[in-house]
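Two complexes, one shared chain (subunit A), two partners (subunit B, subunit C).
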Partner chain A sequence: MTFINVIHAHSTVLLIVSFLLFSFLMPILERWKNSWCATMAVAAHVLAFVFIGNLSWRVFTEGTIHYELGGWSPPWGIEFVVDYLALFMLITISTVSFLILIFGTVDLTHELKPKVLGLYYTLYLLLVGAMMGLAVTNDFFNMFVFMEIAAISACGIISVKSDRECVEASFKYLMLSAVGTGCVLLSVALLYMIGGHLNFAFAAVAIQDVAHIYPNNILVALALFSVGFIVKAALFPLHVWLPDAHSSAPSPSSAILSGLVIKIYTVVYLKLLYKVFPIELFDLLPVFDMILILSALSIFFGSIFAIVQEDIKRMLAFSSIAQIGYVFLGIGLANSTGLTGGLLHIFNHAMMKSMLFLSAGAIIYCTGIRKIDDLKGIGLKMPVVMGAFTIGAMAMVGIPTTNGFISKLYLALGTLDANKHFYLAIILISSFLNCLYYFPIVINAFFGESEEEDGEEEIQVKKLPLRMSVPLIILGAGCMIFGIFPKYILVIIERAVEMIL
Partner chain B sequence: MIDFADVAMRLFENMYYLVSVILFVIGFHTMLTHSNLIKKVIGMNIMDTAIFLFFVSTGYVQGGVAPIIEPGVEQAYINPLPTALILTGIVVAVSVTAFALSLVVKIYEHYGTLDAEEIMRIRSTES
Partner chain C sequence: MGETTTSFLPVFVTLFPMLMTLVIYYVQKESAKLRNKLSVITSIITFIAVAAMYPQIIRGDILVFELFEIIPEMGFVGTFRVDILSFCLALISSFVWMLATIYSIDYMSHEHAQNRYYPTLIFTLGACLGIFVAGDFFTLFIFFELMSVISYVLVVHEETEEALKAGYKYIIMTIIGGLALLLGVINTFELAGTVSLEHTGMITTASGLAFATFIAYIIGFGMKAGMFPLHVWLPDAHPVAPAPASALLSGIMLKTGAYGLFRVFFNVFNVEFLQETNWIFVVTVLAVITILLGSAVAITQYDLKRRLAYSSIGQMGYVLLGMSLFTEAAILGAIFHIFSHAFMKGCLFICAGAIIVKTGKRDIRELGGIGIKMPVTMIAFTTASLAMIGIPPLNGFLSKWNLALGALDGGAPFYVVVLLISSLMNGLYYLPIIINAFFGEEVLHQEIKADDVPFKMLLSIVVLAVCCLIFGVSPINLPFDLSRMATDLLIGGGI
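Our next item is the complex of A and B:
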């Protein structure tokens, strides 16, 4: 059974290679059998589940997996490491992107021109592959390459609609992410200059040794890394690209961009902070306090901006800025409870925000409405969609029995552990603000009365296809299940946090 | 009291780093302050080039030659790794530039202008 042995030994890299392979098969398939593209994209995800299943079984039984690419051992070759943190990200990415893809197979035929449909899956699979690569990579330059792949394909799935807002938003995103990756590459150069290694583990040891000789190099590198990843993850002062990009893109793109792409950069940043930089450095430069302040600003202003939006997708995009603040809050608290909350919020927010964007997409698909004010009385006409939206809204606010409550609880306990009560107040205020912009939509949709009572301009509602409603139902059920039984995902997160701290 | 001659000497010795930092700032400034979209792309390229120069010069050894080892010859060799990495970096930068320029073409088709402020004005009058 050599074939199974090969899969068993190389599943780490096969996971990423299969995504890249399928994505480059798409342009050929598109010319030959146009209708197969969607099926093949789904097949790539199913294949990925096999590899991730194998990986998680091995991580739970044998511990961390170190994979040497091409058989070159670490200081020279590229190394992939699958620990609990990487595994957690792999599971999150594969599950959520699979559900978004199922939804997208119907929604995209409506939103895109037929001739770019096959190419969309190329970009989508490239993006998913690059994110998985970022989750497992343990090498600076490899990280840079995956970041650029993710950036280009993320810009691609925004601009694929090629109307004027999309193209302009995509250009803005491309420019700012070029600044981000530029900063990251420069700081890689600064660290390589003094450490002489590109592998995270070896670089960490080398930097530890020379930290007292070249403190300025390390400080500048840390500053550049922070700027680069904060631009990419859209924390408050550097979030300017996000609202346009996420609101104008096709709905499945918005869902994956808001749900997963901005999260993966926070995870890479977390890895670098704890694995590479020496701990004494944080006495010199209070980077965790800075992250806390930025995340508090992000939580507050993201919510404030979201309140005044009229377009439903734009409101959700601003809400993402507030929610990424929670994840950074978890990183900044730097204790185990807070970090657990932050990582849990990555998973929870990936589910609820993609669900909200997908239900917004379903509303646009069925009725063509984008304005929040026009949604009056729509709830009873589209019960599945508005039901999912309601669960998502409740999870965003953090009502008990939804998953948002659990992660906010952990974050709140984390602020108490760290003795930073101010941030507890921020969490509470933000929850009220979330109420302020999510619940009017829900209340209006179910109890609001349409203005055209005489039925002259009754909203035309298309029937929701099964492939669009099933992902919404699964995500909604997931939000409730992980709100009531959070321990199934906390098993992985707690071990990941143990290994980080 | 700072010894200016010493500082100048050290700056001269590390000229590659100095020049690349100056280039980086020029590129960054061009990218963020100019409203012409093509100039923004040019600024991005200057910034990338500055980073590449910086990265390559970290591998340079004074008086070193290309690392082709001849038996029996004792020489200082430069570090080939940064050069090899930057080859990849250049390819990435080229593809980003190509994509950015194609987006600029699309923007020009839609708005009829390349000026970012003009585009902002068009968008604000529409909505």
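Our next item is the complex of A and C:
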């Protein structure tokens, strides 16, 4: 029984530690029992489900969990806080990354050299662990450490393919991400200088007290935070690293980067805005309006750029820029409907985009085709993959009964609540633009002229392994189920929003 | 007025075809025959289920059902609600759908990709009925989008370059329409706090946002109804589909737009408000242009199905004109014309399908003497065409008569002139086909045995033609009675 007690008392930290532990186990396993790596990575996720199950049960019954690391109470020790927002992120991250991993266990053997396969899992688990750490941390410096871990491991899973493109892309990412973390570190320093605390809650109180003495410090800190997180989350115009990084990486990496990594920074930014900075500050510096403008630009230009892409993964990457704009739009609206929409879109987009990237990965795995124009008639040969892609495309456009519709609906209502009709127009226009670049792919895939193709060479299609098709089916079904019954995820999100505002 | 009763039937007629789609999809691997039979049986059962609501509806009851909550806090719930107007539309849709499915069995037997055709056809039936039985705009919007997007598969069925091009136009316009409709729905929710069809006059204060809502609805539903200038997808999309699908697209699916506009005019806004602000005038003007343009362009078309498609635009103009005049007779005419046009255009399109499948000719000029060779088909075609022109005692006459009466009641004889001109134009493009078919010089040197049309096709053709005939001025006229009841409901504001 002591074992259960330990889980019950320490599941918050065990969650992250177990990921780190498994991750550092990989290099050893890799030398010794190469074939175990994938299994152990899956085992880490299964273990995480246990901890998250425990956490969610406790959060729903007892309320927010404050965990003091090593028994040192804040402000001296590091504190982890699991509230509804953190729980929401934990559930999203663990579920989606689990499915991506299942897919990856087959796909990676095809995309990577066997030598680096074990090391890939190291990086992957590190990334997932760091993301979960970011979700629960309540401490500036801890946050910075996790950001660095996430950034380095994200670069790792891009450059792991070690062709020219990937190395270049990951270098670009590394540089820009270093600028981002640098900004964040600087602003942490600025806040520490005036507040003397690293814990979010204590820092917030301290900053509130001294706000009138050092307004410039706080403003600069806020500006630096904004730049740092906007780079990390790839909002227009600081998105330049994303298309290269997400399109050149191996498909599971693209899926997790687009589906989860950019979102976690958005959530941390949201946490900082509401938890740390005093409300009066936003009168001085209209940061929410700024976010709105950037998100509108992001939504618009992300879609425009996506239309002209020829490579399917590059197109998906640009679409991610547009979609992250929706999440920021929800944050910028700063009312409960809008914020619900934004958070819901984190979950929905995590499912849709990882599904789309995985189906692109499956297409590349089975046929080797990356160019959109060459995908003619592929739907009849790979019905499961293109079926998933079709659901993803419909969700992106926001056709009802898919989850994308629900988040867009919330965002749209949020714009009306905030009395900002212009952004409603942006949402509608961008839905239309999404349709312009997603539907032709689907149409081409299913309704080509089969007669004319006889002259051309037939597309050779490998059989899709079960471990690749099952995650796609689960994600596809998830997109539909949460489109018809969004209330099961809204339960958490609404409480999170209530808590934030 | 009757009372509100909970009934499972509205949900059944929607979800049953949708669920059967899965069954049909999996059965077809085993046997194509079973698939065909199941499709027909599904459509028949659906029609019976719709008809089973008749006793309650005729008492004036309103059937409701709450399926499940989609977003509970917002009041967006999957409610179903059938009143007399919904029932009219659902009845005619399921009836024509049933005939079209029966017709499909023989018509499609030589076509490719039937495995895709039947599930889509049946799924669209469910989605289409869902529009009519939905109890709030949110549910209505969901079914509307489902139907519009899924029927894309019917439009591009032939997969020729032409079909794909038309399909692309169709899907783009559909998405635009859907987004406009979404805008309308969320604006309504924002302004009124509810989107349920239980309420009338949800928005009765003029504001910029209210006008935007009105325009958004007009674009959203008008797109579907083929209203000028949003009709551009229609003449391309309808002719390229297989004949039974064209019959449904033109005969039934256009009506979903008209039905939506009825709901917008009478539920979201109300008559007094729209007349006071004069917003309704936008629709009236567009309807007049739609009537004249549809009929005029139809004359210039020589492709049989394309001519019929343009004619559909003109005919939808009648419905729009009728509903925008707001007089009792005009609304009666509009609702009855929904019935009439479904029978007429359904009949014409499947006749055209039979002709094309037998002769391989689509050009009207090449169809000389076809009437001698395919007498039953051409007689049915003639009946429906004459009904289109509005010759008594056919059903088209009755709807036009009421529309004209409505226009006079509203003190606007100008619209009567429009109706007359357009009837004349209808004559100009339908009569040559008939005359040419029966008395024209035989240009067709193909040997066709007398009416070698398979029985199931002939059955549907004859049933629809007979409907055109008997629902004219015959004393027992179920559609007309239903239309009258629906009109009373709308005018009485008892929705």
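We take it that the second predicted complex is superposed on the first by the 496 of 501 C-alpha atoms of A that agree within 3 Å, B and C clash if a C-alpha of one lies under 4 Å from a C-alpha of the other, contacts with A are read in each partner's own complex, and residues count from 1 in each chain.
We adopt the following convention: a contact is a pair of C-beta atoms (placed from the backbone, for glycine too) under 8 Å apart; a residue touches a chain by one contact, two chains touch by 3 or more.
Because the structure is predicted, anything quoted here is derived from the model rather than measured.
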Quiz item: Is A:Leu413 contacted by the first partner subunit B, the second partner subunit C, both or neither?
Solution: second
Quiz item: Which holds for A:Ala178: it touches subunit B only (first), subunit C only (second), both, or neither?
Solution: first
Practice problem: Mind working out whether A:Ile399 is in touch with subunit B, subunit C, both or neither, as first, second, both or neither? | Solution: second
Quiz item: First (subunit B), second (subunit C), both or neither: which does A:Pro465 touch?
Solution: neither
Practice problem: Report for A:Pro215: first if it touches subunit B alone, second if subunit C alone, otherwise both or neither. | Solution: neither
Quiz item: Should A:Cys155 be classified as contacting the first partner (subunit B), the second (subunit C), both, or neither?
Solution: first
Quiz item: Between subunit B (first) and subunit C (second), which, if any, makes contact with A:Gly387: first, second, both or neither?
Solution: neither
Exercise. Considering only touches as defined above, state whether A:Phe485 meets subunit B (first), subunit C (second), both or neither.
Key: second
Exercise. Spell out the part of subunit C that touches subunit A in their complex, as residue ranges.
Key: 68-74, 76, 141-142, 145-146, 149, 156, 159-161, 164, 167-168, 171-172, 175-176, 178-180, 182-183, 186-187, 189-190, 209
Exercise. Can you check the complex and tell me which residues of subunit A touch subunit B?
Key: 141, 144-145, 148, 151-152, 155-156, 159, 162-165, 167-168, 170-171, 174-175, 178-179, 182, 185-186, 188-189, 192-193, 198
Quiz prompt | In the complex, subunit A residues that touch subunit C | solution = 394, 397-401, 406, 409, 412-413, 416-417, 421, 424, 428, 431-432, 435-436, 439-440, 443, 447-450, 484-487, 490, 494
Quiz item: Once bound in the complex, which stretches of subunit B touch subunit A?
Solution: 24, 28, 31-32, 37, 40, 44, 47-48, 51, 54-55, 58, 81-82, 85, 88-89, 92, 95-96, 99-100, 103-104, 106-107, 110-111, 119, 123
